[in-house]
Amino acid sequence: MAEMWISMGPQHPMTHGLWTLKVKVDGETIVDADPELGYLHRSVEKMGERRKYFMNTTLTDRLCYASSTTWTHCYALSVEELMGVEVPQRAQYIRTIMLELQRLASHLMWAGAYMPDLGHITGALYFWRDRELFLNLLELPSGSRLLYNYIRIGGVKRDLPDGFEEKTERILKLFEQRLDEYADLFENSKIFRMRTEDVGNFTASQAMNLGITGPNLRGCGTKFDLRKQDSYEIYDEIDWEIQTREAGPGYGDCFSRYMVRIDEMKESVKIIRECFKKMPAGPTMASKVPIRASGDAFRRTEDSRGEALMYLVGDGSDRPYRWKIKSPMFTTISACPHYLKGYKVADIPSIMGSIDICIGETDK
Amino acid sequence: MSLFSFCRWMAEWTANYMLIPVFDFQKNLFPPFSHPAGTIADWLGTDGGLDTLAWTFAVNIAFAIGMTNLILVIHLERKIAARIQDRRGPMLSFRSFRELGEDLAGEAPSWRFKDNYSGIGILQNMADGIKAITKELIVPAKADKFLFTMGPIIFISSSVFLLVLFPLSDRFAASSAPAGLMVIMAAFSIAPIGVLTSGWASNNKYSMIGGMRSAAQLMSYEIPLLLSMAGVFLLAGSFDPVTIVEQQQEGTWLFGLPMWNFIPQFLGFIVFMICILAEVERVPFDLPEAEAELVEGWTTEYSGIRYMLFLAAEYIRGFAGAAVCTILFLGGWAGPWPIPPEIWFLSKVYLILIFWIFIRWTVPRIRTDQILELGWKKLLPLSLINILIVIFMVEIYPYFSDIVNLPEVF
Amino acid sequence: MEITKFMKKLSSHKGVSDVALIRDNVVKLDLGKEDSKDFFISLKEDYGFEHCSLISAIDNQPQFELVYHFSVIEGSIFIKDSPKTVMIEIHIFLERDTPTIESVSDLWFGANWHEREAYDLMGIYFLGHPDLRRVLLPEGFAGHPLRKDYVYEIHEEEW
Amino acid sequence: MSSDRDIGIMDIIVNPMKVTLKQFFKSTFGKPTTVMYPLEKRAPPPTYRGMNAVIWDLCIGCGICGEVCPNKCLKMKPTELSDEEQDRAWYGSHVAKRKSKAERPAINFGHCMFCGFCEDYCPTGAMTMTDFYELADTSREGLIYPARSMKVDLPELPQLPLTNYMMESPILNSETCIGCSKCVDNCPTNCIIMDEGVINKELKNGTVRNVENPYFDYTICIGCSTCVKVCPADCLHMEPISNSSSSGLTEEGEVTEA
């Protein structure tokens, strides 16, 4: 067969959002690729310039609808850096718990979306069933199931409700049990391994240059997690390990990326448990939160998908002068010709699924 | 009484008491002119005419049974898939009728299921069918219109054709050819032509890749499939389903259980099960319509009832494949007496189908190069080994046992 | 290399001014536009900043400001008794009528789309960029919407 | 971390199928997870952010909810109050009586994103969010809820303190003040009084007279900036305050969050 361009997207089961991947194929082998974005561009940065600082948490919630708390947290952290707000200790613990719950929900969302990519619908429903548990948990304090608007500048909206700890513990126990049960169905299944092992390889040094961070980089064996390397909230007071895995010396494949996320979920469960153990009493909101700011500041956090960075410039008014969002998936998608070349058409969903795309944050 | 003799009796009854009087009446309506009705009436009186009528009845009965099973199989798939995935499956279909009835009559109708969950899950297929019929049949502007229409015809007709080819028991068969299984396999192999045709004619890159994949897949599974069947044919010495099933009852195994073919030819059974899964295009071998990368593969451009019939035809092929597997390896319709053989046959078929449904919702799809590798590097040698074992059983062992007086095992 | 030593070394580079530590692991400096490429090359080759985190463009009215964030992942720069990795924030000021600068996408591939985005939304031209097209907005969009002088209509529905 | 074991021939079908078979029997003989939605409904938690409801007896018509709404889907609409409603109105009774029409919030739910800011920033706790979420309608106009449709009456009113969530209070520039007392008329909490001001002030039109200046009771100011908006001489501006619980009605150590 002659070489031809196939346009996958903007509406295609592989894309997990709205974007186009143009692939040049020779028969079934990929020769070249060209990603195109912009179908979901909502001009969040421009909108943010017209709204007050505290109102923008609703926009950051909608950056990535699978992982809204982490983005709102990144924004709140940057604004606190800009305004010089001290967050109370209890609020930091509550934030950490919410962030890890959100990370669990986000990773489960990803795992559920990855399984149909491999032709495994049951996997989607299993993982999404478990995600539902964590959404129920996130709903209790925040009052909403998807877009929480719970983390505010200077703290959190309200204290955790009564019985939250017991409920969380019950759900974490059930979840751990189920995750062990799933091992036979997914990572130990021969056909699953046939589809994911030795597919979508890139080395750690390549990944750094391509701008790939987060679980995808840790899937190459690099110990880089901003929760430790640029620690925020109370991650440095808690005993936990960076989860890495590599398929071979210094490189990772789809399977190692899958396993890193599964291991990270188990680690998140540990973090949540320890947070509950150490949580102090006290207020959940800073006593003084200014509404005007000037100067510039940035913070970076470990989002569920990699390095999230928000750079804010204030001009003394109550609205940001410039608000720049760095989304980890933006650079990862830009690098996709590098790790798609040479694989088969059937590997496209397997590879693109394994890097966990979220178009909401990418298109901003 | 066999199906054919029953149909023959029915044909005689219909011809004598219904058709011939009517045609005779028509013949005499306008006496000056000759009327073709008279010729038909004469022909119906002969043996040939009655046989033709009887075959028509038999084939229609086979179709009816097949189509009823189709609905059951689709419902079974939905329900089992739902249970595996911790869902409920279709439960509320046609509930809107009830609500409509309530609105019109002002009171709830008498049919009521499980509190408020009124609705019948199995009718979901009917609802889907009605919906599909009401949809527009879209033909892409740049498609090859003739081939675009021919593709579904080839695929669906060859699949429906399968329904009349296998017997439900030795007495219940709509067709009886000495080379019966060869005809079935030939009919099975027509469908990829339809797939390739419609894939190419759609003028869509996904469809074309899907069609090409179907052809590549045919290359990889068809040869081991036929070779694994060859063992059974050698053992039975015939292509006739009835002979094959009877042959399986001859030998006995532990506790006097009949030695069905899947025991001596275990390798062949495994190879056949894998290949027939690929033949009927079910997960993990549904590469031509891999929905993750090829949207819907070769059916992408089809809409409405054509698309629905594609789905139905796939289930018919699945049903036929399970039937072939039952005949070849699981002793066909044989079973203890009080239950009729047709029921035995169908229950075995359903057992295989349930197993397939479980496979479908348990494993991911494999890749094109992997199925080729599997077919050529693993299944082909295995099926050849299976043939060697059968040849040893059928030819070599009896030959030497005659000479050196070995105990009779096979 | 310890971070204080690294900061001392930085100030010796040409075009670098105002080197400061804004957090315990973040170094901030101003850089002249002409010397930017040489500095970036040595940043990557000598100091081991493997990862380009972000390139943001700011319309400071009248001039533009480019802010580069680079980070170390496994590099040689460290902070005493801390697992934290070092980041560097570089400010470059551009004139409004010549918003051009040399591209760094040949050094860090990750900078490729950040530069495209800066071109798309702010109208900064990156010289030597392999593929400077719009990335978020459609091809043929008029103007660069994140500039402060971009005129747009606010649509409010009456109800 | 997770156990690594060698993948054998049993891992092709048999071991994975054990998991699905187990689940099959579990959900066949047990209760499946899914909820039959229109027939069964899951109960939302008490914090749930659903459709808004306004306790009119508490509402003072300050307009903060419209101010903080990021989508501008909430507008204050002039509303006729009946005599009984005017009598029951708590803080805003004087405003309701004085103005020809009191203002109450109306919401366009076609634009609303249920962020809950209006509830959080309401100084009296009049704006609440219920657990009602089935708002779907066949037309856009049907999603516009007029003020009266969101009115709720509580048999017992919660005694909530006035809280300045906006963290800002008005500051007077007495140089430009013309003493019109519009701010006093419009203040929803009645926290402004007119008192002695600049004597013999020269106004723009050249006349010279004594001018009264407004004085603010910051303990009950809610930071709604209504006075700033109505000021004809632009002599007021908002400045940040230090503590949200500056309101005089709040006792020390009391939880201010509703």
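Residue numbering begins at 1 within each chain, and the chains themselves are lettered A, B, C and D in the order written.
The rule we apply is simple: a residue touches a chain if its C-beta (ideal position, glycine included) is under 8 Å from a C-beta of that chain, and two chains touch if they have at least 3 such contacts.
Since we're looking at a predicted model, the values are computed, not measured.
Novice: Work out which chains are contact partners of both chain B and chain C.
Specialist: A, D
Novice: Could you find the chain whose CA centre sits the greatest distance from that of chain C?
Specialist: Chain centre farthest from chain C's centre: B.
Novice: Closest chain to the overall C-alpha centroid, by per-chain C-alpha centroid: which is it?
Specialist: A
Novice: Looking at A-C and B-D, which one has the bigger number of contacting C-beta pairs?
Specialist: A-C
Novice: Could you please state the distance in Å, as a whole number, between where the Cα atoms of chain A are centred and where those of chain C are centred?
Specialist: So the centroids are 24 Å from each other.
Novice: Where the CA atoms of chain B average out and where those of chain D average out, how many Å apart are those spots?
Specialist: So the centroids are 64 Å from each other.
Novice: Taking each chain's centre as the mean position of its Cα atoms, how many Å separate chain A from chain D?
Specialist: Their C-alpha centroids are separated by 31 Å.
Novice: Once you find the CA centre of chain C and the CA centre of chain D, what distance in Å lies between them?
Specialist: Their C-alpha centroids are separated by 40 Å.
Novice: If a residue has to touch 2 or more other chains to count, which residues of chain A qualify?
Specialist: 122, 126, 129, 185, 189, 191 - these are the residues of chain A that touch more than one other chain.
Novice: Which positions in chain C are in touch with at least two other chains?
Specialist: Within chain C, no residue touches at least two other chains.
Novice: Got the chain B residues that touch at least 2 other chains?
Specialist: 84-87, 361-363
Novice: Which chain pairs here would you call touching?
Specialist: Pairs of chains that touch one another: A-B, A-C, A-D, B-D, C-D.
Novice: Contact residues on chain A for chain B in the complex?
Specialist: 1, 4, 6, 8, 12-14, 28, 115-123, 125-126, 129, 185, 189, 191-192, 194-195, 344-349
Novice: What does chain C use to touch chain D in their complex?
Specialist: For chain C paired with chain D, touching residues are 156-157, 159.
Novice: Provide the residue numbers of chain D that touch chain B in the complex, in ascending order.
Specialist: It comes out as residues 12-13, 16-17, 19-21, 23-24, 26-28, 32-34, 36, 39.
Novice: Using the touch definition up top, name the residues of chain C that touch chain A in the complex.
Specialist: Of all residues in chain C, those touching chain A are 25, 50-54, 56, 58-59, 67, 69, 71, 73-74, 83-85, 87, 89, 108-114, 117, 121, 134-138, 145-146.
Novice: Can you name the residues of chain A that touch chain C in the complex?
Specialist: Against chain C, chain A makes touches at 37-38, 41, 43, 45-46, 204-205, 208-213, 217, 222, 224, 228-231, 296, 298, 300, 307, 309, 311, 313, 321-322, 324, 326, 330-331, 334-335, 338, 363-364.
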